[in-house]
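Structures given as structure tokens follow.
In the two complexes below, chain A is the common chain; its partner is chain B in one and chain C in the other.
And now, the complex of A and B:
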């Protein structure tokens, strides 16, 4: 009787609880690793920790109220979104064009694909430094090339002139991350159902119609994942902008990450920046959940 | 006779002893070395400014200290703008990552208030040689103390200098043409208006081969603007209300002139930092610049045999560079370097003895004469040293100008959380240089400063500001 009870509660390979027990350690570690820092950040955001104040008593919503009057933060959010919405479509389009070009058999295809993905394996800090040199107004090749085309000496101050600084950032980012889009979309295109494409060709469908009605729906889930990953990367963007402009001129190119770094780690506004992080986390999580739902890729 | 002889012997011994004491007291370096030998075998961890500053410790003073005392030195290089936060973070974490700290004068108050600096008076009492303190130029001596206590020892006395091409300024044709055009003699400009005119005159005549000036326009802009702003008569705050007054008329005029004077500088000078300005001076592309003191040694080609300085372009202007105070006559005592002991250190005595050795008359003279290390004269004995005065033909002029600069210069603003105010100011100035309207940039700056002051506490900040503003070097007459 007793043994039958034990065998009843003892999980076996086939019972659902056995699977739960197996994954429990991993889930627990993940929860501890993500929940503890999150709780700590939330607690700190209600305190008044800065370099000069070590007040750990509850300060209410003071830090959250400050966010609404912090024009520099809202500008940083705007700058981040500007870069995201400018760079992401370009990277997607270029990545898609390259993927189409390389999806069939091409001479030296492997070599070219390997060369094309080099930028995305370079550290963004290094890429930023490299582009800073490329954009140097005196010694950088960009101005020299433009000068050859224009037939006169050109001195564009890419990293300080407010009119040119965003194009410089976007060019650097597109150079580094288009290969990421390319490689993911190439894999998606390589797995297309050839029979469907052949059938469309036999039926006389135009290339555009084939793309819109067969290829695009087939690669859509993969493309959406690629957009999502790059979108999140761009919202967290720090390295390239830091190396190119340090957020300048003034604070014209400060992204959310640069702003948080300066306020948190250079100015020690610990509690305030914790409040910013909490608010942005809520905001971006909501956007993410909404997007995932719309994209129907979370199912 | 025997009594007299005995007395004579006693007298001689007493004199020898007194002499010995005096000799030991006169030399803080020897005293530090002797005391440090009892800590032989330990290794000090030192946070230093990345680049040439750190190289001095890694390549020269560290190995020498090891040889003299048996104490090793492990240098961590940190970029200047990250020195303050990095050292503060390590202190807050109580990591004891560094024994020796590298700090700027305007950080002392904040670091002391946060307990991040070990008070040095007991160590000075125990090992120091107070007579050597009298030798420090007053402006730099002031940096070492806060509210009557000593927290750091100066090793680098920074002063902005105006470097100008003597051959261009002394050219009779230039003198004649300039006088005919502007009605006064061509000379190192004494005012910012004259600076603009001299700069434009030279550019108009010689460009693109030579431009009137090439200033530092990115990086450390709070130093350059603060100097100009105060020269124009500006004051940072209203002492009654603590409202920022950086957007007052002197501020607007100073920033507008700063932007307008880019026109006589080489194309792209908006992006120039310390390196670009130095390169342009050494290669003979500019007739004037305002920068830190080591440039004099490099423009004179004293770096020729230093591998670490191989990046400095070979000087084309040896014996052609003159030295003057920047327009207005009150150079910014821009940062400077102090060494301090971390309260979290486990080797506080050994750390103190190392910085005493570097700060001593004997050792510091060697370091301020080196091209490597970016250390500059801060002692009266440095200015008066025959060795230094004879280092190159016009070294005596250089030292005389440095000394004047130290006596007449503006000290950096030092209030609560100064670095936040500096950061805002630097961004505002670079924004104006990048094309933003100077008044709008300063209005935004004033708003940011007011918000900062509110956040820190108006009364607390007012007290700190009034304490700083009472110094004669805050606002010169």
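And now, the complex of A and C:
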């Protein structure tokens, strides 16, 4: 887990220059690619650039005020949170169940695990394309399978019908990222203290009590990291939704990223989206610094 | 937990369940592979056929004929160059952070935050700048962005691997008169070789799979394979044959890479936070 060894080399005469030469190129590239664009986008957010306007003078907080009355943006935030809070618990629970199933040694287990992680390593964009094919109302197998079970012809328009788009998106996301949760939790379970578990078994503790009182606290740190990574991924979600619905029907499935992409790169509301991006950066940086410090990941 | 082994019946149930789980998770992958081998007529057969009646590679041939495979080459060039640059600078930076505590905790947190920001918030400002200086749709522009994207990842992974090198080796080499560069080159890099390979492979895959940066910053010249696939979803017609064939081409290399580096996977996908 988190390593906290105190291990560094005692400074000598040439260390100060050496250690700075080593970090210089990497830090320089990251600075250039973050600070200059950030300054630039802040400047643009105070101007008025759009499809119709080319005003580069200082316009104050106009763009920032617009955010409050932009219903489409708030809906996009709501959509993003809906997907996050629907998909994340399912992925966690399924991942945990799979991890319990596959913990312990059996012949072929490694093969099963290797096959099972495939969804999480393919491109999310390709995963979205796969599910677009799967969900096609005529030529995809999903409606066909449901038809067999239901015993009648089914033609659900998964990526168009407003009642079915969210289930479709969530199924695709759960399919791709449950294996991610699974493999991390499997690693956590495999590292459990066997003696403690055996002692609990001897004491006659029920499986549920063993789970709640021993297993859960032990895997909690790893679980939190998995939830953090997945949670951030879901809030930034773009690829899968883009391939499945392009944010449609209408703007019903626009996530924050899709909203900003369409408004910024298709409708060219440049200065306004610059303001949205500035706020997004501030919000995200604050959350990141707070969580990362709290989790003591960087020690 | 339960005692494993147990009765023969339990084993049968375990294997049956395992096979069922794997089948469900691999079915969409199987489906896209199977579509890529069908003839266009068979792809649009109703009800859908569950396997190609006469598997053929014509869909792949069409990608080559129409020049669409260039997008695979572009993906490779961008992912490979940026990974190489990020590895060289990233290993150096990680070594400095681990052994000399350069920048302290704050630098480490700033670095990883760069990677966890929403891609749209990263690429929108970059686009504004690139449009001004003419870097959109060029190799240098995209390689620069992908390098900046790969660096935090490489630094964090390598940080973990370097921490595992016993410091005593470096200290005794110092006593013997080795220079600081020699410590890095002759002790740390050889000892973290496996970690270096694994980090490079995963950094490569992340860039290879990346979609949004490429979608925003490429037009015609350096289109990557994910952008190429997304362009097939047209308003009137959807080129399923091309979508499936291109997806298969883009996915196959990842299968081999992950199969070879499975041992490092948990560490690789958690930025080194969980050591599998």
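We take it that the second predicted complex is superposed on the first by the 247 of 299 C-alpha atoms of A that agree within 3 Å, B and C clash if a C-alpha of one lies under 4 Å from a C-alpha of the other, contacts with A are read in each partner's own complex, and residues count from 1 in each chain.
Here, contacts are C-beta pairs under 8 Å (C-beta built on N, C-alpha and C of every residue); 3 or more make two chains touch, one makes a residue touch a chain.
A quick note: this is a predicted structure, and the numbers were derived from the prediction, not measured.
**Student:** Is A:155 contacted by the first partner chain B, the second partner chain C, both or neither?
**Tutor:** A:155 sits against chain B, while chain C stays out of touch.
**Student:** Give one of first, second, both or neither to describe whether A:204 is in contact with chain B, with chain C, with both, or with none.
**Tutor:** Touch partners of A:204: none, neither chain B nor chain C.
**Student:** Just chain B (first), just chain C (second), both, or neither: which does A:251 touch?
**Tutor:** In the superposition, A:251 touches chain B alone.
**Student:** Should A:242 be classified as contacting the first partner (chain B), the second (chain C), both, or neither?
**Tutor:** Once the two structures are laid over each other on A, A:242 reaches chain C alone.
**Student:** Which partner does A:138 reach: the first (chain B), the second (chain C), both, or neither?
**Tutor:** The answer is both, since A:138 touches chain B and chain C.
**Student:** Kindly classify A:51 by the partners it touches after superposition: chain B alone (first), chain C alone (second), both, or neither?
**Tutor:** first
**Student:** Quick check for you: in the superposed arrangement, does A:265 touch first (chain B), second (chain C), both or neither?
**Tutor:** Both chain B and chain C are touched by A:265.
**Student:** Spot which of chain B and chain C makes contact with more residues of chain A, would you?
**Tutor:** More residues of chain A are touched by C.
**Student:** Would you tell me the residues on chain A in contact with chain B in one complex that are also in contact with chain C in the other?
**Tutor:** 138, 265
**Student:** Provide the residue numbers of chain C that touch chain A in the complex, in ascending order.
**Tutor:** Listed in rising order, the residues are 1-2, 4, 11, 14-15, 17-19, 21-22, 25-29, 31-32, 35, 43-48, 50, 86, 89-90, 92-93, 95-103, 105, 107-109, 111-114, 116-122, 124-129, 144-145, 147-148, 151-152, 155, 160, 163-164, 167, 170-171, 174, 179-181, 183-184, 205, 208-209, 211-212, 215-216, 226, 229-230, 233, 240, 243-244, 247, 250-251, 254-255, 258-259, 262, 265-266, 269-271, 273-276.
**Student:** Contact residues on chain A for chain C in the complex?
**Tutor:** That would be residues 1-3, 5, 7-9, 11-12, 14-15, 18-20, 22-23, 25-27, 29-30, 32-34, 36-38, 40-41, 44, 98, 100-106, 108-109, 112, 114-127, 129-134, 138-141, 144, 175, 178-180, 183-184, 187-188, 197, 210, 222, 225-226, 229, 232, 235-236, 238-239, 242-243, 256-257, 260-261, 264-265, 270, 273-274, 277, 280-281, 284-285, 288-289, 292-293, 297-299 of chain A.
**Student:** List the residues on chain B that touch chain A in their complex, please.
**Tutor:** Touch list, chain B to chain A: 81-82, 85, 88-89, 110, 113-114, 218, 267-268, 270-271, 416-417, 419-420, 423, 427-428, 430-431, 433-436, 441, 448, 451, 456.
**Student:** Help me check something: in the complex, which residues belonging to chain A touch chain B?
**Tutor:** Answer in residue numbers: 51-52, 69, 72, 136-138, 155, 157, 159-163, 165, 247-252, 262, 265-268.
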